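Each chain gets a letter, A, B, C, D, E and F, in the order it is written, and its residues are counted from 1.
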Amino acid sequence: MSVVFDAVMLLLLIATAITVARARDLVAAVVKFGLYSLVLCLVWQHRGAPDVAITEAAVGAGVTSVLFLLTIAKTARSERR
Amino acid sequence: MIGGALLESAAVALVVIGVAFLLAGTIGLVRFPDVYTRAHAASKCDSAGAGSVLLGLALHDGFAFGDLKLVLLAILVVVSGPTTAHALARAAMRSGRRPWPRDEGGPA
Amino acid sequence: MTTLGPTLLPWLVALPLAGAALVPIVARRDARWAGGFTLVVALVTTSLASVLVAQLASQGPFSADLGGWAAPYGIELHFDRFAAWTMPLAALFAFVIPFSWRYLDAPLPRERWAPFYALMLLNLGGLLGFSVTGDLFNLFVTMEVVSLSSYALVAVAGRGVAAWAALKYLLLGAVSSLLVLFAVGLLFALTGSLNLADVSVRLAAAEPSGAALLALASLAVAFLVKAALFPLHVWLPDAHAIAPSPVSAVLSGLVVKVGIVGLLRVLQLAAGTGISLEPLNTVLMVLGATAIVMGAFLAIFQDDIKLMLAYSTISNIGYIVLGIGLASPFALIGAFVHVFNHGLIKVTLFLAAGAIIHQTGYRTLSDLRGVARRMPQTAAAMAIGAVSIVGLPPTAGFVCKWYIALGAFEADQGGYGFALVFGALFIFVYYVRMLDAFFFRSPVRPEVADAVEAPWSMRAPVLVLAAACLVLGVLGGIPIGFVEPAVVDLLAALGR
Amino acid sequence: MITLFWAAAIALVTFAFACLWRADVGPTIQDRILAVNVVGVKTLVVLALLAAIRGPSYLLDVAIVYGLLNFVIPIAATRLIETGRLGREAPR
Amino acid sequence: MTLVGLDLDYVACVVLFCVGLYMLVAKSNLIKKVIGLNVMETAVFAFIVTSGMIEGGQEPIVVAGSAPPYTSPIPHAMVLTGIVVAVSVTAVALALIAQIHAHYGTIEVDELKELP
Amino acid sequence: MRVFALALVLVVAATMVIGIAGLPPHGDPDGPVHTHVGARYLEQGVAETGLRNLVTAVLLVYRGFDTFLEVVVIFTALVAVLALPSATRQPPQSRDESAAASRRDTDDAVPVSPVVFLVVRLLAPFIAVFALASLYRGHVTPGGGFQSAAIIGAMMIALGLVFGREHAARLVPHGAKAWLQALGPLVFAVVALVGWRLTGAFLGFPADEAAHALREALVVILEVAIAVGGAVILAQLFMALDAPS
């Protein structure tokens, strides 16, 4: 079971990374990046690294993404096509 | 202490029900026509589903002190899920999205 | 007395870093105190470094086990002759900082002085930590301190143009840092250790694998990006030319050396593992020779003096890398001595250029014609620096380039020796162009015609450094003799 | 019991793919944020499931941290969409 | 889990690294580039943590009721440091991007290259 | 560009996969990762450091110097952002335009939703308490200095988002700001000095049983300094990037 879960989880992680790359709207990209770091927490948890998981959760959900959003607020919201 | 078997089966039931709710929420999110209906489906089902799974986890090996964390987590999910759904629906409304009208067909 | 070295070694790194944290506190009452405080910290650090170098000269290399944990279990700082020869770079900081006092008056509002000086000290602390650390992960973290402060220093005084240059630098620099981290992870997975010496020993014991090669290769690539070797140099010219002159001096003279010291650590890591360095050396020789010629060639077309100096850095990094790639005793000695000598010369040149730009407001050769008439001392310092970097005797640059050329013939790679001479010719051309404009043309700009010499806080560092260029040329044998044992050891370990 | 938890975790991650599809196609930014949030809640539940599978209750701390900070990104993002910037200025 | 001699957990890290690298190289928008950089960083972190795991291992916290084998704590400490470094680099990059926008009015590399 | 990027990515991927194929399989208990340095930490870590969370033990005791530099890195980030010219101190394009912009953007136009307001106010104390608990129990459970710093920093940022930056700014006392942001590096230097006096090694922690309390005190001081300093720096980064436009 653990192996199946591992595979599905990593696939989800990669899929999330790809949706981040595909997002044209920068706000969406950042929100998805927040999700990406959350799924990464899952990986840390599964790998037995709760310390890293806590830091990643707090940094990904509370700090990095907000810093990104602040910059988007100052610059442009959308990637030019 | 109630019988372990009873507790166990209650836990199983809660987890299964929770997963079912989360599945329903997913279906709603994927199939519903506009952001309001999706938010409706997702926030309700997620709160119910997540809360139910977490309570099931809390029940599964008796009710230890550490399980208070699970209860706290359930409360958190129930509080923050609808809050974000509210904020989203509000943002959608303010940016001028009209709710999906049943009689006109497709999404606005 | 015997334990003095190991006891003081950690403070060499910790002192400037803690000092940096204190700068904003000191500057709360009066922003001008920041500069003075920074100079004090830099001077104390320099004297600490000289005590350590003296200790090394009398007793040989030593290391400090931080936290009292013996080598593979804790972090080890290792003070060998390579590390020691980068220590004088710290002294250069002590010249750059008083230069910045007056230089920053105009471009930097007072509330940003404290962060600026804090960044300078962080840069210094990171550099010292990078050159003395004997631990792979510590190498990564110190490198990040250096890089992060450098990115910010590039953008500190300019507006958007500087920020764009800094961001280009940041993106490439971050990728190369990431490669270092990846390589550290690979080596850790292979050996279970993070200590440089220990990893080297354990790599030798393990069966050779592609992973070890990949780790060494990504370390090499990462450090070559940091060193701005020719095809990886794209970030350098803008960053070094746009930054304020004292920062350019630090970046061009000191920070690019992070890559060189890192490259030497890669060699030390590979020594004895049985991994053949032949391909790496070939790549280094070819790229080094290309960098010498291309850097010099591109510099010829620059009208902006700082851009010209930036391209000259690319060319000189080419010399050092060529020397490392040749892997013969003379070449390696010359290359390593040039790590400091180039720093000294480049700091002299950038500070002199900064003084001229500060006094006249112009930065292109065509505008600066005849500047030597009104600023003879600064222009003379610039001329000494120029002669030095071309590699003419009796200056600091001559010794190193002569040794590298000797090394090329020693290693039966005479062709590279000719590339070197050819490059020197190009360099000669553009410096002659500069000197011609400064000394033998009449001013075209009224600001240049009416310029006055720079204030003493700027002039004194420039003049002392120019004098040092001459002294190191005359006394060139001392650094050669100092570095030689380390080079011989390294080459023996590499089986050359 | 552990098998059930694994099954639930795998199921939830599988559902997450569907939500991720919604996050990718949109069409509006609110849809995307909502979908991301839904995946987030699922992931949070999976974190709790993993903690239960592995045993020690301190592993739940990860889920709690995320639960506590869950609302930050959606609020910041919706605020940005509504007003074009973040935060509030004090009245001038 | 391995497939044709390849460790799939490691391969997943390579894939993530490449997704990040693609964002960094192919995207013209600076913010997207920085996000790509962050993805690359997390890929390397994932690689390091994966290398420290152990079959059936517990987290390296020795309390009553825990028993060996434990996962190695060194990679965790390294990654914690790495996360802090990543946040720092991101913050500086974003500050620079705000500068660039204030000066040029764009954060697209294509347009920045055309400007003087 | 896209073709070039894809080609580069493929080359990098191929190189990395070839390299990674040479690694020992992960998860193998007899692999080098688990038999060399890590093994000693796991066997003797609790006895040597008195910390039950070995990640904290490695961070603070075995590899404390790395952590010192890590604190320095995040301090560097703050100083770097403060050293840059503020992107928003540009003169506005025209008076009318900026006036219109400020009218459009005032709080009256789009108030923060009262629900959001309430929830954030409700949760903030919980976040703070949780961060403190994780700091306090960082030696026996996951958590510790950085973890708490990140959590408290995120809380301050959330408050800043909802209540406005002026309000959040008050969380960091202005007079003490310069000291608080430098807390990490400075306390580390002081602890290094104390350790040097006590054990003769930079950042050494007294190992004998008699000094047990002292060792614990040093660890706690370090953890608190990292947490407070880190949180203040994160909040200040938010503030600096959020400078009003």
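Some points to look at:
We take it that a contact is a pair of C-beta atoms (placed from the backbone, for glycine too) under 8 Å apart; a residue touches a chain by one contact, two chains touch by 3 or more.
This one's a predicted model, so the numbers in the text were calculated from it and none came from an experiment.
Common neighbours of subunit A and subunit E under the contact definition above: D, F. Leaving out subunit E only, every other chain stays linked by touch in one piece. Should one ask which of C-E and A-D has more C-beta pairs in contact, the pair is A-D. With every chain reduced to the mean of its CA atoms, the largest distance from subunit B is reached by C. Centre to centre, using the average C-alpha position, subunit B and subunit E are separated by 31 Å. Note on chain placement: the centre of subunit C and the centre of subunit D lie 47 Å apart, centres being C-alpha means. A straight line joining the Cα centres of subunit A and subunit F is 18 Å long. Centroid to centroid, with C-alpha atoms defining each point, subunit D and subunit F lie 22 Å apart. Those residues of subunit B in touch with two or more other chains are numbered 76, 80, 83, 87, 90, 94. The multi-chain contact residues of subunit A, meaning those touching 2 or more other chains, are 30, 44, 48-51, 53-55, 58-59, 61-63, 66-67, 70-72, 74.
Contact with two or more other chains is made by residues 137, 141, 144, 148, 151-152, 155, 159, 163, 188-189, 194 of subunit C. If you check each pair of chains against the touch rule, the ones that pass are A-D, A-E, A-F, B-D, B-F, C-E, C-F, D-E, D-F, E-F. Of all residues in subunit F, only 53, 55-56, 87-88, 134, 142-144, 146-147, 150-151, 153-155, 157-158, 161, 234, 237-238, 241-242, 245 touch subunit A in the complex they form. Put simply, subunit F touches subunit C in their complex at residues 15-16, 18-24, 26, 31-38, 40-41, 61-66, 68-70, 72-73, 75-77, 79-85, 178-179, 181-182, 184-186, 188-189, 192, 195-196, 199-205, 207.
Of all residues in subunit E, those touching subunit F in their complex are 2, 5-7, 9-11, 14-15, 17-18, 21-22, 25-26, 28, 50-55, 57, 59-63, 68-70, 72-77, 80-81, 83-85, 87-89, 91-92, 94-96, 98-99, 101-102.
Put simply, subunit A touches subunit D in their complex at residues 1-2, 4-5, 8-9, 11-12, 15-16, 19, 22-23, 25, 27-28, 30-32, 34-35, 38-39, 41-42, 44-46, 48, 50, 53-54, 57-58, 61-62, 65-66, 69-70, 72-74, 77.
Listing the residues of subunit D that touch subunit B in their complex gives 1, 4-5, 8, 11-12, 15, 18-19, 21-22, 27-28, 30-31, 33-35, 37-38, 41-42, 44-45, 48-49, 52, 57, 60-61, 63-64, 67-68, 70-71, 74-75, 78-79, 81-82.
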